[in-house]
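So, here come the structures, one by one.
Look at the two complexes coming up: chain A is in both, with chain B in one and chain C in the other.
And now, the complex of A and B:
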């Protein structure tokens, strides 16, 4: 999986969690919370959907790694590629 | 034959169903155990003589437009993946706080209350606005914080005791388990949910909301057992090892979420901790009368009041009354006087809620109970006449049906200790109990009302079922 594909996975999950959000222009380097109406409950949902849909585990200590799309892809892409 | 679940939820009320949806959505094997044959818990529904009634619903609080994405109500629907349109919500007209010499109206547009306070308490308006803004910016509910008295806290904003009582009246009636005071955190939540946000109801009543939530849970594969009371939670080595059902059957679960209430749950673990006798049992119980009239309220000149929070006493008292029912204050709700637009309902309904004394109502013999209900029904109807549009009109002429609940009814159907619908005055905000896999959710976790209890189910499932 490439980093861009990984970002798309995260965006697809956000689209499910928050169907009213406009995701057409989300900047990779800016925190998701600053661009979208997402709170800690929504971030938990991103973590939970990653586990449910992709069997990716994100321990609570690492939730901060999901702050922006760029940090998501840095953190998650190796995890996706480690899945066999 | 024992069955094992990831999570067992005691009670198919709004909090239990919401917790069940969260757990089931993320693949947890969930079971909801409900002693009654109808779901909904404290917010249920029933039919009597061919008419459908709601049990708890006056209105749902926290109403905001769909565009306010950060508001609790919309967050909640997101967490449950429920489409708002499915709830078919209609807004209140306006509501009123009616005290001996003063009325304050409020509506889903918060500027109405602001202008009313300015009109009736002009010297207090700056303090009121500071209060309102402080509440708007108040940090979100902290799961750790202990009780703080609003009576003391509010004096920095409001110095007129009459205005203070008028602000407290609806907020206490809609969600205080504490006599004559509220926790600041709770007060903030109630102020936002009623005065900043607003009131609405599903056109069809609570049954529509319950149906939507149940469907969601069922489609996710959640299991629900009705008429399945829990007899005992067996604790071994600091955790709940088995759940014994009334039938004698046993199940096991990694996590147990109890919506039964704080003292009620402790009694399930240790039957010697009788919940009705516990210091943790709530002190406030209520009666409610329902009068069904042949005609809609507007035909008898009712006007725009959807809900009237009234107090006729010199000092508003929100406490367990000495009398069987305290007629001095209460809530008059007209569930058919919302913004129904082109879908008006056929009949006029008036629901009156008053504080009631649990001991008295539970102590009557069956015959005395029936007689007391009849007598107090009449007294309540008579006592609200001054607040009806035509005090001299003979309303009973077009009365077509009546019903009444008392603390005894609440106890019978919900098993709440002392019939206290708002539960214990002690809240376990983080849901933790002395048993490591047993958590509370619902009323005694601390969020009250329909939206509050649903949120409680979501938050407790997130914390204790999903994060773990």
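And now, the complex of A and C:
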């Protein structure tokens, strides 16, 4: 999986949990909470969907790695690639 | 101490046969039901009353995903009631507004969904949703309204089995009279069609209705009745002290003049007609009225073989010499809306103050002699000589009884 593919996985999850948001122009380097109406429960939803849909575990200590799309892809891409 | 008079100034509702009071009333006068077959987890198809209100009218899609159906029904009804009362949410004195939502139960739907969810993951509880607790706390439906309206006054539910709709209204009235709030949003809601447990429980009890025609299944007082059709729905009212309502020139639907809540203390499910009659008499006494002052008795009867007979016995005893008292029932159209039932059934009758029409009990093809009541309006609306007062019965399991009296408003 490439980093761009990983970003798309995260965006697909956000589309499910925040269906009112316009995700067409989410900036990779800017914190998701600064661009989208997401709260702490929503981030827990992202963690849960990664677990359910992709068998990816994000320990609580690493939640900060999900702050932006760029940090998500940096953190998650190796995890996805380790699955295969 | 003279207590303030409390009046109804707005109605918001969703019912299987209407999403506004006008739609609901029209359906009742036209004999239009709202029962259909739905798929029920583990059970196959069951009969149910499903509401089709526009949930996104007042909520974002994310809020619908995170919240509960009961919360969504409550928000819709509260917002519609406010609009009907001519009040914008941001005009409310938020700290002086109370929200009182009657519920039969809450949390079954959400808990069943989570158990099913983790069953897809070998019952590993790490897949259990972090939304479970805020969804299942008892105050969820009222709390969701407070979040939606940004109201900071007391917001909670009143658990009272299927008497809850009346109890929500009574709680709202009492809090206005105590001066705890200046404006109340009160009534009852139900999301119960989304839990198989309610259906399976009634089925095991031999109390779940079945009929080849869904809209013939709920048959209060009919010899062929065979149980309850479970429905969802809600009705919330705006309540104000009379002086406040008049000061702002509010439309007044009616005045709550009497109520009574009591308990059978005899059985988990079987009603006690003696206590039901006592409840109705208590409401009359509080209102300072006689039985013949009541022109419509809105019955609770759910179309169970014994429950209907018991209530008829109570109504017959209280209203035996009342030639101008009409008796009706609304569950033939919409099924049993559980926590919403009392509040919805009252709403269906309120327009009678305007048009004098009494909507009938439908699906009554073969009247059970044990349910033969003087004044029972059967299958066709009846034009009453006048309608000045409605007594609304609402009873529930564990023997909780409630009777509420609404009077045509008069200075």
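Here are a few things to note about the model shown:
The criterion applied here is as follows: the second predicted complex is superposed on the first by the 84 of 84 C-alpha atoms of A that agree within 3 Å, B and C clash if a C-alpha of one lies under 4 Å from a C-alpha of the other, contacts with A are read in each partner's own complex, and residues count from 1 in each chain.
To be clear about the criterion, a residue touches a chain if its C-beta (ideal position, glycine included) is under 8 Å from a C-beta of that chain, and two chains touch if they have at least 3 such contacts.
Keep in mind it's a predicted model, so treat the numbers as computed, not measured.
Within the superposed three-chain model, A:67 lies out of touch with both chain B and chain C [touch as defined at top]. Applying the stated contact rule after C-alpha superposition, one finds that A:41 touches each of chain B and chain C.
By the document's definition of touching, neither partner reaches A:31: not chain B, not chain C. By the touch criterion defined above, A:1 reaches neither chain B nor chain C. Residue contacts after overlaying the shared chain place A:18 against chain B and chain C alike.
Judged by the touch definition given at the top, the superposed model places A:56 against neither chain B nor chain C. Chain A residues in contact with chain B (one complex) as well as with chain C (other complex) are 17-18, 20-21, 37, 41-42, 44-45, 48, 51-52. For chain A in complex with chain B, the residues that touch the partner chain are 16-18, 20-21, 37, 39, 41-42, 44-45, 48, 51-52, 60. Contact residues on chain B toward chain A in their complex (touch as defined above): 26-27, 66, 69-70, 75, 78-79, 81, 458-459, 462, 466-467.
Residue ranges on chain A touching chain C, taken from their complex, read 17-21, 37, 41-42, 44-45, 48, 51-52. Within the complex, the chain C residues that touch chain A are 60-62, 65-66, 121, 126-127, 129-131.
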